[in-house]
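Once you scroll down, you'll see the structures, which are given as structure tokens.
The following pair of complexes shares a single chain, chain A, combined with chain B in the former and chain C in the latter.
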Partner chain A sequence: MNTQFFAAWIQEIASAVRAQRDHLTQLDAAIGDADHGANLDRGFAAAGEALAGASPQTPGALLVLVGSTLIRKVGGASGPLYGTAFREMGKLLGDTAEVSPGRLADALNAALSGVQRLGAAAEGDKTMVDALAPAVRALARAVQEGLKTEEALDAAAAAAEEGAKATIPLQARKGRASYLGPRSVGHEDPGAASTALILGALRAAGSR
Partner chain B sequence: MVGIVLISHSSGLAAEVAALARQIGGARVPLAAAGGTDDGGLGTSPDQVAAAIKDVDRGDGVVLIPDLGSSVLTARLLESPGSVVIADVPFVEGAISAVVAAGGGASLDGVLAAAEEAWHVRKL
Partner chain C sequence: MKKLINGVDAVVTDALRGIAAAHPSLRVDVENKVVFRAQAPRPGKVGLVSGGGSGHEPLHAGFVGYGMLDAACPGEVFTSPVPDQLIEATKGADGGAGVLHIVKNYTGDVLNFEMAAELSGDEGVEVASVLVNDDVAVQDSLYTAGRRGTGATLFVEKIAGALAETGAPLAEVARVAKEVNDRSRSFGVALTPSTVPAAGKPTFELGDTEIELGIGIHGEPGRTRAPHREAREIARIAMDAINDDLPLSGETLVLVNGMGGTPLLELYIVFAEVAAYLAEKGATPVRSLVGNYVTSLDMQGFSVTTCSLTDELTRLWDAPVETPALRWGR
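Here is the complex of A and B:
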């Protein structure tokens, strides 16, 4: 997976977020402050513009630029969190020109660690970690089993979707939804839902 | 003198708490409010917070006081051990304690400790 692949990923995320913008906002309206769709839409649109302007030459540089743009432009808690995730991925990849699935799994693991360090969330807290952590595990397992890149990305996306749906019965322990206590039960976490979109976009970029 | 940055989702909230803390704690303390997004909405702007830190930094360190959620995450992105530190304190009470301590010439650790005392100040 080269720089072009990662640029395609960001494009796929931007169009998925735009298409699901209202859905994400509805999820957020139920247990948060109803800005998740709009915030991410603004952030990934800005990331696309930043990439068009700067034309980064490596996957690492591209991901760091996306992360820095998200931090500056999103405005809600997902800005620092997703921004850190993309920056950590980019930093781990360094100057590598061609990223193997194993290396991508390492990078996603670095993203997960960065998000957990910043947000202090564990699995089961009803956050984006509940989609990201299983995706990282699924990707690492697929790599170990020697699956093809497309199959490995498919496994990661499926695990993220499953993880996001599994947040529905959980009670939030982090973020704005945690103020609702038991009333947060019965709703899908918007951050986990957008993480599933982002992993779904990775699968879409892989099958382009 | 230690600088203080109040970070809130709301521009109005940050500005008014800063005004209150200034009135109680003294006008000499380098104090900045960084609230709301760049386009004036509710949220946090890392650019605004970074500019505020620069603005109040007199070389003795800066204490960041966030309200909640993305304010905390933004503060964490910009912290720098030993020079830019986060006070995990109630927003209003912590801000006032910190400004009073900074105005009295306390060190970075002293201002942080004073802000944290706000946890133990009961109203009744």
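Here is the complex of A and C:
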């Protein structure tokens, strides 16, 4: 997976977020403050513009630029959290020109650590971590089992989707939904849902 | 839902252009979304910077001016500002004596302010932060994001702002800000939900005979839903929640705050009940404020905030202030 692949990933994310903007906002309206779709749409549109302007030469530089743009443009909790996730991935990849699935698994793991360091969320708290952590595990397992890149990305995307759906019965313990206490039960977490979209876009980039 | 807007994506910048045109005492950087005092920074004075999502007006931009904030950063509607804005505000408010960040306790606000404080520190500005978390409706435990910052934000900005105006050092201004927060408690009630412009419809549904108890300021649903009833009983629910958390006594500063869609007439009805409740508990509302100060767009409802005063806090509350939304003694 080269710089072009990661640029395609960001494009796929931007169009998935644009298509699901209202859906994400409605999920957020149920247990948060109804701004998640609009914020991510603004952020990934800005990330696309930043990439067009700067044309980074390595996957690492590209991901750091995406992360910095998200931190600068999105606001809320999702800006720093997603921004940190992409920056951590980029920093781990360094100057690598061609990223193997194993290396991508390491990068996603760095993203997860960054998100948890900043947001202090554990699995089961009904946050984006509930989609990201199983995706990281699924990707690492797929690499161990020697699956092809496409299959490995597919496994990661499927695990993220499953993780997002699994937040529905949970009571939120972090983020704005935690204010609702038991009333947060019965709703999919919008952050987990958008993380599943982002991992789904990774699969889409792989099958381009 | 009808809104007086030109387009959902321009809500904040269009409002900032209005603030700039209406208040020559302010300098508004529309592009970076920062509202400064026209004369900021003042050399030797600690700068006060706050910010948060838009939709809570007059908080925070309406409190920029003599005796209160030096700069405010409005984010998108109900979305915290981004670090770039906060860094711009922090540098522009620094008169060489450091800057106090006044942060409402929401995950997004905390994260963005933390990043901005770190980066401003790298650029040589000394930054201290105070977290406002006065809302008793949220259990403060490992299992929530902690209590929200609501009405006490106004008290912190006013009182810390008055102290900063005297030339007090950063540590002192931060200490008094924290003291105000520690002595303050709030509880909010909604009669109707609010409508975020980009969402176009109310954030939650509420029947004609229902109210939401324990709401925050972002149109989020509260802790529980209850049948609607007389103002006297609703005020009692709010005051009981506050009094259970921090027993009311002595000289008290009281804010009965409208959420944006409730007439002043009704807020005064609530205030009368709040005053009667305080008298029952042996507390006296020696200073008070009634009106729309920390709002949630077009929501109908109110919040009540109390602060147990000391002589120092009363003196600082009474000190002159001159901002678009709060003005006395000057």
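By our rule, the second predicted complex is superposed on the first by the 208 of 208 C-alpha atoms of A that agree within 3 Å, B and C clash if a C-alpha of one lies under 4 Å from a C-alpha of the other, contacts with A are read in each partner's own complex, and residues count from 1 in each chain.
Here is the rule we go by: a residue touches a chain if its C-beta (ideal position, glycine included) is under 8 Å from a C-beta of that chain, and two chains touch if they have at least 3 such contacts.
None of these values were measured; they are calculated from a predicted model.
Overlap between chain B and chain C is detected when the two structures are superposed via chain A. By the touch criterion defined above, A:Asn39 reaches both chain B and chain C.
By the touch criterion defined above, A:Arg173 lies against chain C but remains apart from chain B after alignment on the C-alpha atoms of chain A. Of the two partner chains placed around the shared chain by superposition, chain B and chain C are both touched by A:Ala77. Of the two partner chains, chain C is the only one touched by A:Arg183; chain B is not.
Of the two partner chains placed by superposition, only chain C is touched by A:Thr25; chain B is not.
Put simply, more of the residues of chain A are touched by C, taking chain B and chain C as the two choices.
Shared contact residues of chain A with chain B and chain C: 33, 35, 39, 71-72, 75-81, 118-119, 175-176. By the touch criterion given at the top, residues 8, 53, 75-84, 106-108, 111-112, 115, 137-139, 142-145, 148, 196, 198-199, 203-204, 216, 218-221, 223 of chain C touch chain A in their complex. Within the complex formed with chain B, the chain A residues making contact are 33, 35, 39, 71-72, 75-81, 83-84, 118-119, 175-176. Those residues of chain A lying in contact with chain C across their complex are 25-26, 29-35, 38-39, 42, 71-81, 118-119, 173-176, 178-181, 183. Listing the residues of chain B that touch chain A in their complex gives 37-38, 41-47, 69-70, 73-74, 76-77.
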